[in-house]
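Below: one structure, written as C-alpha cells.
Per-chain residue numbering starts at 1, and chain names A, B, C and D are given in the order in which the chains are listed.
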Amino acid sequence: MSNNTTTEVNQEEEIAPPLDAKALASGRDHPVNVSLKAEGKIRLYTTMVRIRRFEERAVRAYQQGKIGGFLHDYIGQESIAVGCCSLMKEHDHVITAYRDHGHAIAVGMNQNALMAELYGKVTGCSKGKGGSMHYFAPDKNYWGGHGIVAGQTPLGTGLAYALKYKGLKGCCMCFMGDGAVNQGVFHESLNLAQLWKLPVIYVIENNGYSMGTSLARSSAFSDSLAMRAEGYNMAWDTGNGHLIYEVRAKVAAAIERAHEHSLPTLLELKTYRYRGHSIADANAEKYRTKDEIRRTRETKDPISIFKTILLEEKVLTEDIAKDIEKSARDEANNAADYADRSPYPPVEDITNDVYWSVDNPGKHDNHGKIFFND
Amino acid sequence: MSNNTTTEVNQEEEIAPPLDAKALASGRDHPVNVSLKAEGKIRLYTTMVRIRRFEERAVRAYQQGKIGGFLHDYIGQESIAVGCCSLMKEHDHVITAYRDHGHAIAVGMNQNALMAELYGKVTGCSKGKGGSMHYFAPDKNYWGGHGIVAGQTPLGTGLAYALKYKGLKGCCMCFMGDGAVNQGVFHESLNLAQLWKLPVIYVIENNGYSMGTSLARSSAFSDSLAMRAEGYNMAWDTGNGHLIYEVRAKVAAAIERAHEHSLPTLLELKTYRYRGHSIADANAEKYRTKDEIRRTRETKDPISIFKTILLEEKVLTEDIAKDIEKSARDEANNAADYADRSPYPPVEDITNDVYWSVDNPGKHDNHGKIFFND
Amino acid sequence: MPLITYRQALKDGLAEEIIRDPNVLIMGEEVAQYNGAYKVTEGLWERFGDKRVVDAPISEAGFIGLGIGASMLGIRPVMELMFFSFAYVAWDQMVNNAACVRYMSGGLINVPIVIRGPANGGTNVGATHSHTPENQLANFPGLKVVCPATPYDVKGLIKSAIRDNDPVYFMENTLLYGMQGEVPVEEYTIPIGKADVKRAGTDITLIAHGRAVITCLKAAELLATEHEISCEVVDLRSIRPLDEEAILASVRKTHRALLVEENKPFCGVGAQISHLIQDKAFDDLDGPVKRLSSIDAPAIYSDPLEKYQLPNPQRVIEAVLKMI
Amino acid sequence: MPLITYRQALKDGLAEEIIRDPNVLIMGEEVAQYNGAYKVTEGLWERFGDKRVVDAPISEAGFIGLGIGASMLGIRPVMELMFFSFAYVAWDQMVNNAACVRYMSGGLINVPIVIRGPANGGTNVGATHSHTPENQLANFPGLKVVCPATPYDVKGLIKSAIRDNDPVYFMENTLLYGMQGEVPVEEYTIPIGKADVKRAGTDITLIAHGRAVITCLKAAELLATEHEISCEVVDLRSIRPLDEEAILASVRKTHRALLVEENKPFCGVGAQISHLIQDKAFDDLDGPVKRLSSIDAPAIYSDPLEKYQLPNPQRVIEAVLKMI
C-alpha cells in the first residue's frame, strides 16, 4: 500500500533545478525586507550561522559521547526559525516540536545554557531536566520544545487564546513538521483557531520526511499540506523555506492577519534536513538518495543562498563573513567548554520542579503526602 | 466568541422554503431507484415506519421508567439509515455512533432483542450489557453502536482495511454526527483511508446540532463539512438526507467508488432531529425555536415525503399505508411486552464476556488470576 | 447553615472564583448556552458572558490542550469534561503537557489549570461512559487529584483547586449532584490533601473517596444499629496529595481497615492505601487490610446489575462482617 | 541452545507467526522500509512485503483504532508503538474500543490485537518519552498486559500474544533489546499469566517485571556474594493475568517481599501485589512488604540522575539490607 519509487520521484522534482538569481531574491521587495538595514540583514545571516555552528558542535559532542539520548539537528532549516522569529514583537510567542535548537537561538537563548542542557548539566536552561527536545524560555516568549508530535499545537493555540483573552496585540507562531499534520489534535486546533478567531500561525516546516517516511507515504493531499486549512475556511499559504527573504515576507502577512484581524494562518514552508532524523539515525541515506542530499546542500542551503544575496547586495564581504564564522565557532566551542565544566544536578533535584506548591512551601494550603517513594 | 443569532439564521435558511414536488423526487432517476420494484419501495417505506414506531414506543417506555440512562432517538433521520443500508451487499458493513437504533433496524436486527437491550434484559442483543448506545450484530455486518463521539471512525476504517486485506469486494459505511467532525481521530482516519485507498464511506448525518450547539458554533467551514475531505484529496459530496431517493443515489455512487476503485468518500447528508439530544434532554426547545422544529416536521419529514411520493407513484395506497402502520405498532408493542417479560441477567453475568479466554476455558494457554475482586 | 445541593455548592464556588479573579474562565462542551449537561454551570453564562463561560466543540484534546497553553500565560481555565470518561481522548495533553512541562522546564512554567467533571459509574449508560480514572491520573507526579463527596467539601475544594498553581483534576459524581448538605454562607476554602473523618468509630476503619464515602456512611449506620459494630469512616477527599497521617491514625485506633472505592480493583487507589497501611502500621493490624471495589468487569449497562457491580451498603456490610 | 538477542528473539517470534497465520500483519511507524526505529522488525518488510509489514503515518489513534476494527473482522494486527509513551494519544481506542467492545456486545465480538513496543525510561530522552503505563492498562478488565524480561520469554510470549483472542499489550524495553540469552531453535510458546522464578532463594523474595528483573538478578548476586543473603527472584512476566500462586508460594517460603518496578510508585503494579501479599499471606510475613520504584517525579533527562531515578542494583541492595 506504500510506494517508495513514486516518492523518490516526487522528491527529485522537489529539488532540481537550482534556483536562479532572481528566484533566490524572492521576497526582497516585501516591506519587511525593504525596510531592513544592513545590520539587520547581517544579524539574520549571523544568527543562521550561529545556529549551524552550535549544532555542528553539539553533534561532535554527541559523537564524543558527551550527549546522549536524542539530538535532532536543524541543519538546513535555519532560515525558517530565524526568518520567522526575526519579526517577533513584544507580545509574539513561539512554540515548536523537539527539533527546537534553531528556534531557541533565534529567540535569543544563551548557547551556554542550551549546550549545558544537552549535556544534562544543572546549568542547562532546564537545569538538565528537559534535554534536547525540551528547551524552554518563557522570558523570551519561547514555550518549548515538545517531544510528542503535534502535542504543542493545542498549546500554541492556547497561547494565542490567552493573548486574545488579555487583549494584547500579539500572536503565537506554532511550528511543526510535515509528519505532525496527521495527528488529530492538530486538526482540533485548526478548527478551534478559526472558530474562535485566534491569532495563531501554524508553520509547517516541510522537510519532505518524517523520520524515514516521505511525505507521499504519510500524507494524502493534492497540492499542499497547507490546503487542509481550506476545510476550516482558514487562510493558508505555502513558500520556499530556503529563502529567508521569502520566509519573512510570508510570515509577515500571517502576523499582520493575526495582529490586525485576530485570525489564524496555516503556512507551509518547504525545507530540507541534511542529516538523519536524529544523530542516532543510521538510515539517513537509506530512505533518500545520497545524490538528493548532496544536490540540495549545493543548490538550496539557506545560509549559502543568503550569503550570495548579501554579497551581491554588498551588505556582506568575505571578510565580514569570516569574522561571523569565527565568532560563531568560538561561541559554540565556549558553550561546549562551559557545558563540560558545569556540574550535574544534585540527586535532590530529582523531586524539585514537579509541583509549584512543593517548591514554594507555605504559599499553598496543601497538606498530606505528595511523593510516594517510601 | 460564540454567536447564537447568526446560527438561528443559518438554521432558518436551512429549513424554508418547503420543497416542491419535483425537488421531493430528487434522485428518482438514478439507476438504483429506477430499478426499484414496488415491493422494494414499500420495504423502504415500511422500514422507516418500523424505526419510527419502535423509537416512539421506546420513548414511552423511558417515560414510564422502564428504560434508564441515555436514549438517543433517531426520529426524523430514518431516511439516511434506511436509504444507505438498503444498498448493502454481502460484504458491505455498517458502524455508527450512539444514535444507533435506526441503523440496527435497517440492517435487520430483531426488535425484541433491541427493546430488551434497552430494558437491560438478558434477552437483549448484547445480553443487557451494552444498552441503547451499544448495539451490535456482527452476523448482520453491524459493528455498533459506539458511545464515544467519533470513536467508531477508525474502527470503520479498519473494517474497510480488513475487507481490502482479504480481497473481498465490499465497503464499510461509517456513520457519524456533525459534531464528530471535530474529533481528531476522524481526521487521522480520513488521511489513512485516502492514503491507503480503503473502501470506506464516511456518512455525516448533519442534523444541525451537536447536543445544544449549532453547527455554526462548533465547526469552522466554508460551504460544507464534507469539504474537509478536499485537504486529503478525497472524493466528497453533500445531499438532502430527508429524501430517501437522493440518499440512495448519493450513497450508491460512493459504494461504487468503494467497490470498483477501492476509494473512500466523505458524504454529508442534511437531516434534522425533532426531539432533544436524548430523551433526558430538557433543553430540546431552548437552543432552537419551537417554530424551527414545527416547520421542519411539516415540510421535511422523510416518512411523510416518501409517502407522498409513493402515493403519487401509485405504489402505495392509504390502505396499505394503514396496514404498514398497524403492523409496525404491533411489532413495537410486542417488543416492549417481550422486553418487559424478559428476566434481567444473573449476577454471574457481570464477569462473563470480558475475556474470550475466560469464556472459552482450556482453549487458550492462559494461567493466573485475571479478575481481582478478592 | 443553609442546606444546598452538591451541584449548587459547586456552582457557587465557581461563580465566586470567577468574580474574584479575572483570569478564571470556564470552558467545556455545553457549559454556557445549554447551562451544562448536568447543570453545574447553570446560569453562569447569562451572568458572566461569553468571555468567562465558553462553549467548546467536541474536541477534548484540542480545548484541554488549549487550556493548558493558556494557563502557561497566566489564564486559570476551569475545564469541564462532560464525563471524565472523555479524558481518554485528551489523555496525552493531560498527562504529558499538564504534568511534565513544569518539570521539563526546570520550574520555569506553571500550569494552573483545573479539569473537572463527573467521574463515575452507576448511571446506567454503559462501559464507555462509566470510567473512574482517579488512580491512573494520580499515578503521575505533577498532577493533583481531588474527589469531593459532599456539598461542603466540593465548594471548599473547587475554590482551592482554582487557586492552586499546579494542575488539579477534580472528580465529581453525577449521583451526588442532587445531594443536599450544609454549606456556610461566608467564604471558606478547604486545603487540598486533608482527609476528613466523616464518622468516628472504634472497631474498624472504612476508607473511601467520592460517592463511596456516602456508601460507607450508610453501611456504618446499619452496622451500628443492626450489628453493634462501630465503624470509623475516613473520607480521603484528595487522592494526590494523600493524607497518610489521617489514614494511619485511624487504623492505629481501630486495627482494621476496609478500603472502599468505585474504581476497578487492579492498581486502584485502594491498592496504594493497602500498601501504605501494611507498611506503616504493620504491627497495629489485627488482620489483613481488605478492599471492596467495583466488580472487575467493564461497567455493565443493565441497571440492577450495575447497582450490584458498584460497592453498595450491603456489600460493605458483608465485607465488614467477614472481617470482624 | 543458541545465544541470541532479545531483539532477534522477538523478531523471530514475529516472523514465525507471520508465516503461520496469513491474517497476522505488522503495522506501525517506520516498521517496514526503515526497518523499525529500534530494528525489531529489521528485514521483515523485505521478507514479507507491503501487505504483511505496513508503515503507518504518525496517527496512533487512527492506525490503532484501524487495527482494532480490522481485528473485529478476523485480522490479527501486531501494532508497534515506537514508544509505548505514545499510547497516550491513542488511549481512548486502547482502553475503550479494545477493552470494552467484547463486553458491550455480550461476547459477540473479539479483538485479537497485539500492541507492542518499548515501555521504559533510562534512555536519556526525558519525561515525554519515558512512560511506563503497564499499571494503568492492567487496570482495565478486558486487557492483558505482558512484560517479558529475557530473550527466551519475549519469543515465547509474543507468539502466545499473537494467538490470543483478547487484546494483549506487550511491553518491551529498549535497554533489553541488545541483551543475549539462550533460545531454543525448535518452536515453543509460553503461556500468558505464568510467572517464572528466575533465581531460587530463601531469605527474601524480590518480585519484578521487565528490566527490573535483570536489576534484581544483579542485586541478588551481589547480596549473595557480599552479604550472604539468599534472594529469590520472581519474574512476573505477565501483569494481567497475574500469577498469584507463584507470588504467594515464594513469599510463604521466604517470609519477606520487596517489590521492584520501573513504574512510578502511586498505584503502581507493586501496590497491587503488596495488597495481595498482605491479604493472602498476612501471617507468613516477618515484616511489611516493601516497594522500590522509580523516584517519584517525571523522568529526568540528565543521564546520571536518570540512572539513579530508576531502580538499580545498588538501590535494591540498600532496600534489602534495610529489611533483613
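Here is the rule we use: a residue touches a chain if its C-beta (ideal position, glycine included) is under 8 Å from a C-beta of that chain, and two chains touch if they have at least 3 such contacts.
Not measured: the values here are computed from a predicted model.
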Note: of the two pairs B-C and B-D, more contacts are counted for B-D
What's the farthest chain from chain B if centres are computed as the mean of the Cα atoms? A
Between chain B and chain C, what is the gap in Å from one C-alpha centre to the other? 35
Whole-Å distance, C-alpha centre of chain B to that of chain D, is 40
Distance from the mean Cα position of chain B to that of chain A, given in whole angstrom: 45
Rounded to the nearest Å, the gap separating the Cα centres of chain C and chain D is 30
Mind pulling the residue numbers of chain D that touch at least two other chains? 51, 57, 59, 61-62, 85, 88-89, 92, 96, 103-104, 126-128, 141-142, 240, 264, 266, 272, 296-298, 300-301
For chain A, write out the residues touching at least two other chains, lowest number first. 1, 126, 128-131, 134, 146, 148, 151, 182-185, 188, 191, 195, 217-219, 354, 371-372
Could you pull out which chain D residues touch chain C in their complex? 61, 85, 88-89, 91-92, 95-96, 99-100, 103-104, 126-128, 131, 135-136, 138-142, 240, 263-264, 266-272, 274-275, 278-280, 282, 285, 287-291, 296-298, 300-301
For the chain D and chain A complex, residues of the former touching the latter: 29-30, 32-35, 37, 50-51, 54-55, 57-59, 61-62, 85-86, 88-89, 123-129, 264-266, 293, 295-298, 300-305, 308-309
Help me check something: in the complex, which residues belonging to chain A touch chain C? 93, 95, 124-131, 134, 136-138, 143-146, 148, 151, 153-159, 161-163, 165-166, 184-185, 188-189, 191-192, 195, 352-357, 359-360, 364-372
Can you list the chain B residues touching chain A in their complex? 1, 182-188, 190-191, 194-197, 217-222, 227-234
Chain C contact footprint on chain B (complex, rising order): 1-2, 4, 68-70, 117, 120-122, 126, 128-131, 133-134, 146-151, 179-180, 182-185, 210-213, 217-219, 283, 286-287, 344-345, 347, 349-351, 354, 371-373
